[in-house]
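Structures are listed in the sections that come next.
What follows is chain A paired twice: with chain B in the first complex and chain C in the second.
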Partner chain A sequence: MRKIFTLLKVQYSNMLEYRVEIALWAISGIIPFFMLNIWTNNNLNESININNTMLSRYFLSAFFVRQFSVVWVVFSFEEDALLGKLSPYLIQPLNPFFRYFTQHIAEQITRFPFALIIAIFFFLFNPESIWFPNLIFLFLSFISTFLSFLIQFLIQSIIACLCFWTEKASSIERLFFIPTLFLSGLLAPVASFPSYVKSWIYLTPFPYLIDFPANLLSGNKTNISVGFFMQILWILMLFPLFIKIWYEGTKKYTAMGS
Partner chain B sequence: MINNIIEVESLSKSFNISSKLPGLRGTLKHFFKRETKSVKVIKNITFEIKEGEIIGFLGANGAGKTTILKMLCGLIVPSEGSISISGYLPYRRKEDFLKKITLIMGQKQQLIWDLPPIESFYLNASIYDIDKFEAKKRIKRLSDMLEIKNELYIPVRKLSLGQRMKSELIAALIHKPKILFLDEPTLGLDINAQRNLREFLKSYNKETNATICLTSHYMKDITSLCKRVICVHDGSISYDGELEKLLKKLSPLKEVLIVCSSEKDANKLENSGFKVKSKIKNEITLKIENKNVSSSLRTILNNYDIEDLFINEPPIDEIIEKIIVKKKYTF
Partner chain C sequence: MNKHKYLVVYTKFLHTSLASELEYKTNIIIDAITAMLSLVGSIFLLSIFFQNSGNIGGWEFEQALIIQGIYTVLNGITNTWFNPNLKEIVRHVREGTLDFVLLKPIDSQFFISFKKVAPSGFLEIILGVCLLFYCIKINQINISLNFLILSLITITCSICILYSLWFFISTTTIWFVKTWNATEVLRSFLYIGRFPMSSFSFYLRLFFSIIIPIAFITTIPSEVFLGLAKIWKIILEIFITWIFLITSRRFWLFALNYYSSASS
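Then we have the complex of A and B:
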């Protein structure tokens, strides 16, 4: 635990060196606000029986969930593996993925004030959307956002490990990003999908990445126990897969570039 | 009796390598049907290293030196054969094994680029379960040895190459490893920094009895640190033994520069049966076999009027170049 805490402290110091970049990344994550504009201007919310205020809250929550669950480990890992930067980390008594994990957490902590400022601006333009979530729901949404981050981190780590075989694992991640974008609830609440599509979507991990935590935070109707159950189930399925692929992948490592 | 700390037997490593022909045709062919072939880069090598030894791995680029080091430290898995380091199989990367070793690559760094080195040191200390007080003591000790102090608080990106290398060494040695794998540690350093690094490694070896496996293209690194060398040629070991013995074998002649009192004496000496390398006026350079140096010099001093005399070893780089190029040495 001390290792992780020290790593987190060091990575946070490192992330503060990039505060301007992180502010820009936070701003670049405003897709949900564009989507809100499209939905409200076209009165699409009526089709799913949700009023404008609740829709605004949903997309603001989606923005927050996205800010604190965004994962980019595949790009860092691929660069490190292909350029041989992974080698010194591999011979340390700590799995290198802990470095990436704490990098993400440190980045999220750095992002927080910027995300808060964006939310304040959002409320200035949409005062009718101001709300303070119930503390229990706030806590549950925090937990589900973290679980969403874990699912995405595990999925991307598994894809990242494929670079032991394919060298360009980030291309596979690009492919994976398409369903994530459309089915996670970032562009539209999953409730807006036709029933037969929804029944399939809810079996995938995607709706538990944005839609479920965003609904919890915004106070929209959602099945809490099923949501958490599915999040934990996906983590329990992905984690052993990651361990296996990591173990097999490191046997293939050629320490290129060094 | 000193124990073997590294035992390598019949070790081989093959890589699958794909090749591509130049031009559009080659690119299209490469896209649709990639041709890969298995290349054996390390071929059935066997050696042992004793605790506390400093071993130099010599060889041309691509000979397989770095691949051997990577297998020894557990970064890559051997295709055939076995490696035992302190009783561990390196590629399993057990925590206890990893705490005993370190790898320093001249062209790669583990320090966090935007932070001062001291942050990386404390991070490594916690990774190796060293408490803060002990870490502080070790950092002080190593930074004193390497003569680096204020630089530890400056972001790595602003340090010179030499200062970065010293910091890399502290980061890599904070857990007091018993085995050091050094791949071109002096690469890119100026002469002073190279000498300091060599002195540091010598004293670290003396103080801790650590085993050091080193590859370098700077011959001074090898000659000043290693008593024993392993020459690698095309993935095989072409020589494994004392450096001194190898040098003697490869340079059986000494060059003796004799300054005669007159040109007449120099001419006389030139025609006396010695092997002459060059002659300029009254200065003549002879090539004399190592075993005959003293008797030949006695003859010359007794029979010729000599003003001055210098005995030179042939340049070490020339000798080592022979080692790198030649395939096999048997003694």
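Then we have the complex of A and C:
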């Protein structure tokens, strides 16, 4: 535990160096606001029974959830594996994924003020959508965002471990990102999906990545117990898979350039 | 300027980068599937918008598909040419290898913009073109000489604007070194090029016409396809393209004055 705390401190000061970059990252996440603009500007939301205010809260929440569940471990891992930087990490008595994990958490802490600034701007343009979620829901959505982050971190770590076999795992990640983008609720709330998609989508992990936490935060209708159950179920399924692929992969690993 | 020399050099570029990319064959297949899924996803999103509404911003579904087609072609071009070269520029500046580029007896902007080609973007271009042909069929567009010339002009202009935007951002590497995130911002802005500009609110439209001219990149060529484009809009697009190309060139030459090689 102390190791993790130290790592976190190191990574946080590391991340503070790159404030400008992180601010730009935060700005690049504003796609949900463009989508909101299309929805409200064309009165498309009348058909899905969500009024303008609730919809703008939904998209703002989706923005927040996305900001704090972005994962890029596969890109760091691929670089480290290709350049052979992974070898010294493997010798240390600590799974290198802890290093990446703390890196992500530290980045999220650095990102928080920028996300808040963007939210303030959002409220300036849409003053009618200001709301304060009650503390219980705030807490629940915080937990579910973290669980969403864990699911994505596990999936990407599994993909990253494929580096041991294919060397370029980031293209697999890009492939996986497409369904995440379109089905997670970042661009349109899952409630608006046609029924032939809704019938199976709740069995996949995607709606629990953004739609579920965003609904919690914005106060839109959602099934809380089922949502948490599915999130935990996916984590319990993915974690053993990750452990297995990690042990198989490290056996196969031959350091680059040595 | 010796055109022949540049042509010879470019064929060499093509040869070397294709050879190095074909090292990763499975990668190309995965990228191809990604491109297809991405197109399916955006048509799915479009169908959500249209499921309860006849048109958005005055565009019907069949017409909005044209925008998707043009976006896909342009995105393929970005992934094939602009994106891989941009990554290289960042690397050149960070590692100081830009020195070697500047010393070569060839225009540095040419070298840096066209050095690499990523063949995985080709499929996206093909997909986009197929979609466009399908759109021509379902929208019953008559192919005339006039139509061909105008659409060729506007699409070429769009490619040039896009190139200038990317090159502009890559040039800022000389001061900021890491522009990787700035390109992500541009990428997310470009994303709105998938939708008709008239479906956004007035202020967003203004922003995307004046500051970042995404409005011109996909909407005007699509209007040409439908025969709706007004002649002043096309002339305006040509004018803007010209401004962008000239300023991005000037900006590059200006930035080079500030280049101080790494570790020196």
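Throughout what follows, the second predicted complex is superposed on the first by the 257 of 258 C-alpha atoms of A that agree within 3 Å, B and C clash if a C-alpha of one lies under 4 Å from a C-alpha of the other, contacts with A are read in each partner's own complex, and residues count from 1 in each chain.
As a convention for this text, a residue touches a chain if its C-beta (ideal position, glycine included) is under 8 Å from a C-beta of that chain, and two chains touch if they have at least 3 such contacts.
Everything numeric here is computed off the predicted structure, so don't read it as measured data.
**Q** State whether A:Phe193 touches chain B only (first), chain C only (second), both chains, or neither.
**A** second
**Q** With both complexes overlaid on chain A, does A:Thr204 touch chain B (first), chain C (second), both or neither?
**A** A:Thr204: touches no partner chain.
**Q** Quick one: name whichever of chain B and chain C touches more residues of chain A.
**A** The partner with more contacted residues on chain A is C.
**Q** Once the shared chain is lined up, is A:Thr53 touching chain B (first), chain C (second), both, or neither of them?
**A** Touch partners of A:Thr53: none, neither chain B nor chain C.
**Q** Once the shared chain is lined up, is A:Trp25 touching chain B (first), chain C (second), both, or neither of them?
**A** second
**Q** Would you sort A:Ser76 into first (chain B), second (chain C), both or neither based on which partner it touches?
**A** After superposing on A, A:Ser76 lies clear of both chain B and chain C.
**Q** Just chain B (first), just chain C (second), both, or neither: which does A:Ser13 touch?
**A** So A:Ser13 only meets chain B here.
**Q** Once the structures are superposed on A, label A:Ser87 by its partner contacts, choosing first (chain B), second (chain C), both or neither.
**A** Touch status of A:Ser87: first partner only.
**Q** Of the two partner chains, chain B (first) and chain C (second), which one does A:Arg2 touch, if any: first, second, both, or neither?
**A** Once the two structures are laid over each other on A, A:Arg2 reaches chain B alone.
**Q** Please write out, lowest number first, the residues of chain A touched by both chain B and chain C across the two complexes.
**A** 18
**Q** Taking the complex as given, what residues does chain A use to touch chain B?
**A** 2-3, 6-7, 10, 13-14, 17-18, 84-85, 87-94, 250-251, 253-255, 257-258
**Q** In the complex of these two chains, what residues of chain A are touching chain C?
**A** Where chain A meets chain C, its residues are 18, 20-22, 24-25, 27-31, 34, 37-38, 41-44, 46-48, 166-168, 171-172, 174-175, 178-179, 181-182, 187-188, 192-194, 197.
**Q** Report the residues of chain C in contact with chain A in the complex, numbered from low to high.
**A** Of all residues in chain C, those touching chain A are 24, 26-27, 30-31, 33-34, 37-38, 41-42, 44-45, 47-49, 51-53, 56-57, 176, 178, 180-182, 184-185, 187-188, 191-192, 195, 199-201, 204.
**Q** Spell out the residues on chain B that touch chain A in their complex, using ranges where they run on.
**A** Answer in residue numbers: 15, 66, 70, 73-77, 91, 93, 95, 98-99, 101-103, 105, 107-110, 112, 114-115, 119-120, 122-124, 126-129, 172, 183.
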